[in-house]
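Right after this note come the structures.
In what comes next, subunit A is part of two complexes: it sits with subunit B in the first one and with subunit C in the second one.
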Partner chain A sequence: MATEIASARGQLSPEARFLLLALPGALFVVAFLILPMLSILVFSFWRTESYNLIPEWNLGNYAILFTTPTYMTFLLRSVLTAVAVSVVALIYSWPIAYFMAKHGGRYRLLLSLGVAAPFFTGVILRITGIQGIMGPVGLINMGLMNFGLPPISFLMYTPTAAAIGIAYLFIPFMVTAIYLSLLNFDFELLEVAKINGAKAWRAFFEVTLPLNWIGTIIGLVLVFVPALGDSITARFLGGPNAASFGQVLSLQFGETGTWALGSAMGVVLFLVSSFVIFLMWRSVNLRRSGFTGREG
Partner chain B sequence: MADFVLELDRVTKRFGDVTAANDLSLQVAQGEFFALLGPSGSGKTTLLRIIAGLELPDSGRVLINGQDVTRLPPYARKVGMVFQNFLLFPHKTVAENVVFPLRMQGAPKERQRERLAWALKLLRLEGLEDRYPNQLSGGQQQRVALARGLIARPALLLLDEPLANLDRELRKEMEVEVRRYQVELTTPFIYVTHNQEEALTMSDRIAVMAKGRFEQVAPKLEVYTHPTSPFVAGFVGHSNKMSGRLTALDGSRARLDWQGVEIAVPSPARAGVGDRVDYFVKCEHMVLRSPNDPPEPGMANRVPGVLRDVIFKGPTADYLARLDNGVELTVTDAVTMPSIRRDDPIHVAWAPEAGQCFAAAG
Partner chain C sequence: MKAGELLARLTGGTLLLSLYLFLYAPIAYVIYVSFQKDLNWPFPPSWTLAHYAALGADQTYREGLWNSILLGVGSAVICTAVATMGSIAVLKYRSRWRALMVVIFLCPLFVADLLVGISNLLFNRQILNLPGNMGSAMIGNAVHCTSFAFLIMLAQLSRYDWRLDDAAMVFGARPLRCFFEVTLPLIWPAMLGAFLVSFILAFNNLEISFYNLGAIPTLPTIAWGSLRFGLGGELFALAALVNGVVLGAFVVMYLLMRYRIVSFGHRE
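Let's turn to the complex of A and B:
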């Protein structure tokens, strides 16, 4: 009787409510993550002929990728760039996030908004802006030449320039991840460390970093993964010797029209990213990160 | 030179308009259990943080074992500190937390093991070495914090309301234990608390603080029985405060017009006839008498009234007496006064010298 009355009033059982609440998230994941990934996976085992996908199962695309040295060069270059960018972003983001959490006070929200400010414009525009600083006719090199100094050549259309561009694009993510972690960090623990004989740096590595390691790892993933797949920055800032895996990948879906090969490259990119995320997650010990919730 | 483990020499610290430490000087010797007692905002925690090196005084010096450490960072001072909210490192085990100060000093592994075993034994933490702080009870966490504070043999141990977060039973237990460690080790403890019972239970000497000043620095018994300022008289113990004007002065005795009742008080310093004074008498220094009881020679003050209520406290009871002048007094006495009931007429009696009389401020 009771349930009938309840449903008569339009109330749902707890199970139904749970499902209803879980639905939007599940739909999103299926529609925008699993289905596209699956189609890419399927395409990677097909082949393309004059801009048409032909559903004939084969391993030809992977054979090309793993036997053609240039593809491996692109991949290696992208991995190295992503590693370098992650390290640079890590070192650069920590002080920013630390400052915001420790001294932000009532301006914290404003500072967070400041970190997000670059997203007010499009990515192409921002990269172009970087070009305006580092390029041959950019602020830095023009300034140097004005004083009769030689331009800094590694800033102009080189892999380094591309890496700087990528770091610029993704540092806000890292800052945000570390900042959110630091919001829950008890800065008093640093006083404890200092009273007990730790100098500032020692206290950082003994207390601050381990207790914010999860946030740091999330930041690293948020930088590494897009850096690995970058195509735009390499195209605009990298010059002829900086062609990235992602850049070549995007060509397959455009100019060359070899969708199947492009899909195979996407699968490789996905696997490399997953492997790196796996390695990073291995470094996380919940207890050692001060995770005090229930053990899983 | 190094007769005292800790010396404060005219330490002053201001935060904006607030003077948290106002020209404070103090000496603490080896083996002393010293309590800084005061209400919140009295500056006691600031003073502790200055000793620890977490705050820099605006002026004055801090000396530890004769060495001027005023400008030394906390890690160079060799003091231990225990905090109210424990502040254990959540990502380190009990053993790692305790041994942390020795690791920071770069002590040899062998010595670290030795001292760890010593500290765990002293604080009865054996068997908990591999637990994480969130797997411990509040009392265990506090003992880990104490072990961490003591393991490196600090010159002195600073304790900032270390028992405030424990429940009453545990606090009583820990009061005795903390005192035992201190006696065993002879390391001076500087113990900040707003809880007078804690200060009275554990310490040798007490500094009562208010508004950044020491109101009184003395052995605990003296602070309790002979407060030297109205603040101390009102803050330590439970007292009845009687305010009025002096009507007569005669050597060591004076007479006070307390809301229409004439009582005898010890002559206050710096007050003459007609001046306003505050007279404090501890509740347990007053007694209840039946109106028929004969006068007693020592109890020169005897005021009639009725018993309004009895608050049972266990070993003692608080008797609330409404006097004929309309004022209420609290008398703490043994529970064994069955003959007196609520609304019975009674007399409240006490010796004038049982209390202290001060010229009223302002």
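Let's turn to the complex of A and C:
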């Protein structure tokens, strides 16, 4: 109908309107995300000399990365931490998001903003807060020692402590993504499943989860990507045995000034996260996700 | 059956409470420390307002706060604008470019903060020959938040009835007028949500801002810079004040919802 009216008035076609609305944002992303990422891909094949990039093409940066065992250890550690944090966040966030969407009533927005509001406090202060609570001389351990109990050693500068910190920072993304997906989920469908004799668990795994799987995948991406690229949490909570790939990456842009090597590390980081996201996306069945139902 | 539902509800509620506790305990600790003489070892408590007085006397923190707000608002305006347009395009019109556009709008999700920061730094420096500045930091943060804003808009507008717009057009409204008089009044809660989330993320972003701001201080970069000498008490005091304002805003929102003055898009 809109088309007829538009053409009757000699206005733009829907295709042209689509492009008029979508292109500004798309060009924005291309100019300020995709071009810079392509530029570090180029720089990763250059070399650095006294804080300057020299355009001499070589594979040296990648050779260093893949032949130095410590870099591979950092990468592997980051991947394992990111996977573990994502899985824990997924299991923890689902019931929370479900509760907010189904029982939040008119306070839903407030409940969901409550999950986002911690971001008003800077990352460094929040991590300092975490340290103050669970660090070696933090509230928990000093409290335990006050009662003559031994301190909890896994909270003291370990990879586990870093993982808890990462989960702390990024769980809100997962909750929000699943919550947003559930906002458009028709809970009546569960009643239908029940009437047809499905048990609650079966209804969840065959109706709710598949229909919200895209939102869940987005949540997983939102946790996995920053968790993999984490540099701050590992530095403050992890101690010497938890150095992450992101931490070493950011070093290349700080003290050492080896930008070409840092670029190569950035490319590797991006490729690893893209590969994991690709694996996750393969689990999406568009027909069962309900996505095709909305097409047109 | 009823008992099972009640149990599920209780579990969900308890988990939500546990999440709030987990998220706000470190913040409560920061607020507590802002009133303590000894920042590193604040037990047993010895209360003081000295950090607040120092905060009032020091210009740097006010400047940082102002820059953070400017950065947050600028980024949020950019990405709410492009995301609103993008989401309307994707939901309202059929086009062979639709899938491609969705993918482009979601691209920033796949790139960690740190990478957005360093790639923009190197791109600006090496190719545009541009030193760190507020505009670059705003754009870097806006790119990162575009996907968030887009997804929020998409989720909230997917049930919007575009026939309302068609109806307005039938009665002769021009597209812009139709947007401001029909669409906007219905979608503003979604836009507010997208704006708020982008603002919060850009306001306190460290990794993108740090690499692109040059020497301009914002709250997170001041915190980063002062780590070497230990965080100043003023930072704790400022964080406490910001949280006080946020809490106040939440109370106002709650009251508006409680007495049904504004529903923020919720329909009974």
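Structural remarks
The rule we apply is simple: the second predicted complex is superposed on the first by the 265 of 296 C-alpha atoms of A that agree within 3 Å, B and C clash if a C-alpha of one lies under 4 Å from a C-alpha of the other, contacts with A are read in each partner's own complex, and residues count from 1 in each chain.
Operating definition for what follows: a residue touches a chain if its C-beta (ideal position, glycine included) is under 8 Å from a C-beta of that chain, and two chains touch if they have at least 3 such contacts.
Since this is a predicted model, take the numbers as computed values, not measurements.
In the overlay built on the shared chain, the residue A:Gly262 is in contact with subunit C alone; subunit B does not reach it.
Of the two partner chains placed around the shared chain by superposition, subunit C is the only one that A:Tyr98 touches, whereas subunit B remains out of contact.
By the touch criterion defined above, A:Leu211 reaches subunit B but does not reach subunit C.
When the shared chain is aligned, subunit C comes close enough to touch A:Pro14, but subunit B does not. Of the two partner chains, neither subunit B nor subunit C is touched by A:Arg282. If you count the residues of subunit A touched by subunit B and by subunit C, you find the higher number for C. Once both structures are placed on chain A, no subunit A residue is touched by subunit B and, in the other complex, by subunit C. For subunit B in complex with subunit A, the touching residues are 52-54, 73-75, 77, 79-81, 83, 85, 87, 89-91, 100-101, 104-105, 132, 134, 148, 152.
For subunit C in complex with subunit A, the residues that touch the partner chain are 4, 8-9, 11-13, 15-16, 19-20, 22-30, 33, 41-43, 78, 81-83, 85-86, 88-90, 92-98, 101, 104-105, 107-116, 118-123, 126-127, 139-140, 142-143, 146, 150-152, 155-156, 158-159, 163, 165-166, 169-170, 175, 189, 193, 196-197, 200-201, 203-204, 206-207, 211, 219-220, 223-224, 227, 231, 235-236, 239, 242-243, 246, 250, 253-254, 257, 263-266, 268.
Taken together, the subunit A residues at the contact with subunit B in this complex read 186, 188-189, 191-199, 202, 206-207, 210-211, 287-290, 292.
Residues of subunit A that touch subunit C in their complex: 1-2, 5-6, 11, 14-15, 17-22, 24-26, 28-30, 32-37, 39-40, 43, 53, 92, 95-96, 98-100, 102-103, 105-111, 113-130, 132-133, 137, 139, 142, 168, 171-172, 175-177, 180-181, 183-184, 200, 215, 218, 221-222, 225-226, 228-229, 231-232, 246, 249-250, 253, 259, 262-263, 266, 269-270, 273-274, 277, 294, 296.
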